[in-house]
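Take a look at the structures listed below.
You will see chain A twice below: alongside chain B first, and alongside chain C after that.
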Partner chain A sequence: MIWTGPPSLRGVGRFVETRRLLSLVLIGALVWSVASVGWGDGVIHTGGSDALKAFILGLFPPEISPDFLKVVVAATWQTLVHAVAAITLAIVVGLPLGIVASGALGSPGRARLAVAGTFRFGLAVMRSIHELVWAMLFVTAFGLSSIAVVLAIAIPYAGILGRIYSELLNDVPDAPLAGLRSSGASPARVLLYGRIPMVFTDILGYTFYRFECALRAAAIMSFVGIRGLGFEIQMSLHDLRFNEVWTLLLVLVGLVLLVDYWSGRVRRNIQS
Partner chain B sequence: MKLPSERRISFVKGSFYGFLVLTVISWIYILAGSESGIEDFLSGRAWRNAGGFLKQLIGIDDSLTGGAQLAFLDLGRWIETAKLAYQTLLMSVLAISLAGVAVLLTFLPAARNVSNGDLGGMPLPALGVLYHLLRFIFAFTRAVPELVWAMLIVFFLSPGVLPGAIALALHNYGIVGRLSAEVVENMDPGPARSLRSAGASNLQMLAYGIIPQTMPQFLTYLLYRWEVVIRTTVVVGFVNAGGLGREFRLSLSFFQYTDVALLIMWYLILVVAVDVLSTVLRKMIRVD
Partner chain C sequence: MISAGHLVDGQGLGKAFGEQRALAPLDLKIASGERVALAGPSGSGKSTLLYILAGLVSPDCGQLFLNSLAVSQLRPGRELSEAVGLIQQQFDLVPQLPVVQNVLAGRLGQWGLFRSLASLFSPRERGLALEALSRLGIDDKIDQRTGQLSGGEQQRVAIARLMIQSPRVVLADEPVSSLDPAQAEEILKLLIKLADDVAGVFVASLHAPGLIREYFTRVIGLRQGVLQFDIPADELTSSVLDALYDLDRTA
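After this line comes the complex of A and B, so read on.
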């Protein structure tokens, strides 16, 4: 797309110049990062290769005894429950914030710009801290509880969803909206009958993707002590039971792929 | 007998109600559970704890530190932790570099129109197998969270920047690999086909027909992922993978809360710096 189109004659010099600088920066970053690793002082630690071998052999076969599967089902349910609660809270908070941040409501002017800018900054602050860092702070502040974990995931996710929603709502082509406006629709109606329907599948697709991420986030909340798939992975790793680790990993992968498949099917059915 | 369109609508409706039911059950399960913590929130105990923690974080309440200097007002501590911030930045760049190189080496056979010979070349059965294998590897590496990769990798590799970077690289390899393969699948086949009919070799087709169309999008994805990776470096640091994350966890468990505040400040500085840098580089990609 970008490199194939004939650049405007005046821009050729700038194009080549920018490309060259960009390549230099990217290759420089690659070389710097690879060279800065202390390759000399033992990358694989003592016994590391034996552990790797044991880990790979653990796949044949993964642990499937009924007792352990009961543990797996309970852990999967915990993770799913936290992910669903977190993503629903994130949608409920992120959607209104995103709509205000997109500046689609209210009459054009400086006040609207200021409000939208403030909300955008707020969303940026929410998403700049990783969910597990939020979780560690919340567990220290509120104590260990499901609510603290759900809040820890929902805050950065509301920030991300809000940003994406506001960008999607902003990038809508203006012609159909102008039609609505000329027939006397208020900004709220333009939003409801114009903007939202036009980007609905994109919104849905991104929200589904975030739900998939929320599953992963809920799984790693084990790190602050909440039970779930990550917690069991940690326990099994600690006891060097690698075949159990594999079972848990495969269930986590299956869960994520299931959500991915569900999302694709829903979107295809809406679009066609 | 239902019409196909009716079946589609009922699938979407069913999904919607299914998710609604799941939501209600999840919230009831959490709020009714013994470790929900809802009583603490309602009785105000959680909020009082949080207020106390916040005071210790910003140093108003110095009962834990015994009146020692606040870490984030101490230039010496800033200089000491600068090394950790540097390591964190290095880890993020290394992770994205490793992921980028791995994707560059594998994204072509993972595109359906390349593996089935649609863009020229031979539709060998081996390519079909390779296509499915790569798609599975993308899905697997993507579905396992970075922190879990890191927990596994510190079993094999010495602690430091490298295991963290590899953990981040594996997860992002799956994400960027899939997106890049989809870019190839959705690209305009015209240039590649014209090159083929003009007698270009496979290598020439790659260089002039495929790479120029896909490279900008690939680099854009990579830079977007860099913005995410810098936020996650702290998390893989929790499992002895070096950088700010390890120090953050230690400070938190030793109740050195003003140190925690200092590390959060470093973290935010890195996040903002990477966001700005990534935006500048992405603008450079789009120059024409």
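After this line comes the complex of A and C, so read on.
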């Protein structure tokens, strides 16, 4: 008879073995996938290293001729408008959906949980389709237009914001909520006076982050053919005008940095 | 059977959390004007009983009537908030809100939803809050973020909220446990006055026998969820209390 260890530890031993086996399998897969790349010829395609060099040199200096800058400003404005419209719509839709999905409203009971669960499911469906796929669907329906871009970003983003809002609203400490209830507050008033104030800064911070993402998404969208930063990047790249590409990239980076700075300022103001 | 005279009428109130029995079925009748102390070691069920009396936790068995109203039928709102209010041991305020909002939360049982929302932006009845806070000596903190106040100041904000709410049954969970004797007496006097002003009832959990004998009319001892004694406060002796807390003074 083989002694497999004291009875209480046998289950643990099996669990540990499974985890070790899994780690080995994953490491093996990583090693194999890296090794199966044909390092040597063909990783960088012919002429690629020259193009790469030319691209890097394009940064010095970036294109700043007035004619081109006019194009840049128009494209930036277009992207900004799309992003702002999309995130606004996402907030307007996502916040109420997130509140219901959190189960914070309604009298305690099975009905409320069922409703909350349904809304959680709806939010998950909204975000399961990537914005580019939504864009392709809407372009088919509405043609190349701003509506297509804005809706394509707003829908999954409403799903994302709604999910995060609902989790934030749910994860608050209970003692202050019990204090409000003891004063006679209904679930709606507990939400207004307790949950929302406690998570307001977090909601603000995450929403700003999503706005940054919306900027990137709007820039990418314009590859689909609606004018914007992505469209211009693609045009300039196609013509191998790397100086122009760099100008556009710097503007995109600048936009994101600006939003980040703005977000930081707002959060500091709130907290003081 | 509703007892016409008693403000608090609990029959067979019991509660278990999972397998843990927090409170064995207990009868409790309190008439207006009484001041009841709850004594007992931690885990004895004092907080559970207070939460049941406040309507925050439903008992597993038994019925509770406050002011002749069946608590199980009451939803949060005017009737419940006028009947009973509770101060928890700590941190039942919303730290991010300014003090004035935490105090005015005492009116949430009375205000409609729209009024509650509007008041968040422009506090209605600010004068009421100011008056309560100045009676407690902290009116200068009215616009400060509640989380920035000290523990003692936050307790006064909670008392101010209770003053605004003005319930007939005033409950307090260990209100003086972390206070020095002088502060303890001051807080007890404030809370008792709250109850007396509305011909109500005051129930608080605390340990100090001196305070119990001086400020309360009745003392209930709990141990591991079971009622040990329910006697007039002046009959409380050290040996009774020692037995409750299982203190071996002979060692």
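What to note about this one:
FYI, the second predicted complex is superposed on the first by the 233 of 272 C-alpha atoms of A that agree within 3 Å, B and C clash if a C-alpha of one lies under 4 Å from a C-alpha of the other, contacts with A are read in each partner's own complex, and residues count from 1 in each chain.
Following the convention adopted for this analysis, a contact is a pair of C-beta atoms (placed from the backbone, for glycine too) under 8 Å apart; a residue touches a chain by one contact, two chains touch by 3 or more.
Because the structure is a prediction, the values reported are computed rather than measured.
Judged by the touch definition given at the top, the superposed model places A:178 against chain C, while chain B stays out of reach.
Looking at the superposed arrangement, the partner reaching more residues of chain A, out of chain B and chain C, is B. In the superposition on chain A, A:188 contacts chain C only, with no contact to chain B. By the touch criterion stated above, A:88 is placed in contact with chain B alone, chain C being left untouched. Contacts of A:73 after superposition on the shared chain: neither chain B nor chain C is touched. In the superposition on chain A, contact is made by A:200 with chain C only, not with chain B. By the touch criterion defined above, A:30 lies against chain B but remains apart from chain C after alignment on the C-alpha atoms of chain A. In the superposed model, A:111 makes contact with neither chain B nor chain C. Across the complex, chain A meets chain B through its residues 1-5, 7-8, 11, 14-15, 18-19, 21-22, 25-26, 29-30, 32-34, 36-38, 41-45, 48-49, 51-52, 55, 80-82, 84-85, 88, 128-130, 132-133, 136-137, 140-148, 150, 216-217, 219-220, 223, 230, 233-234, 237, 245, 249, 252-253, 256-257, 260, 262, 265-266, 269-270, 272. Against chain C, in their complex, chain A makes its touches with residues 107, 173, 175-176, 178-189, 192-194, 197-198, 200-201. Against chain A, the residues of chain C that register as touching in their complex are 54-56, 75-78, 80-82, 84-86, 88, 90-97, 101, 105-110, 113, 116-117, 120, 158, 161, 165. Residues of chain B that touch chain A in their complex: 8-9, 11-12, 15, 19, 22-23, 25-27, 29-30, 33, 35-38, 40-41, 46, 49-50, 53-54, 90, 93-94, 97, 100-101, 139-140, 142-145, 147-148, 151-152, 155-162, 165, 191, 212-213, 215-217, 219, 231-232, 234-235, 238, 248-249, 252, 264, 267-268, 271-272, 281, 284-288.
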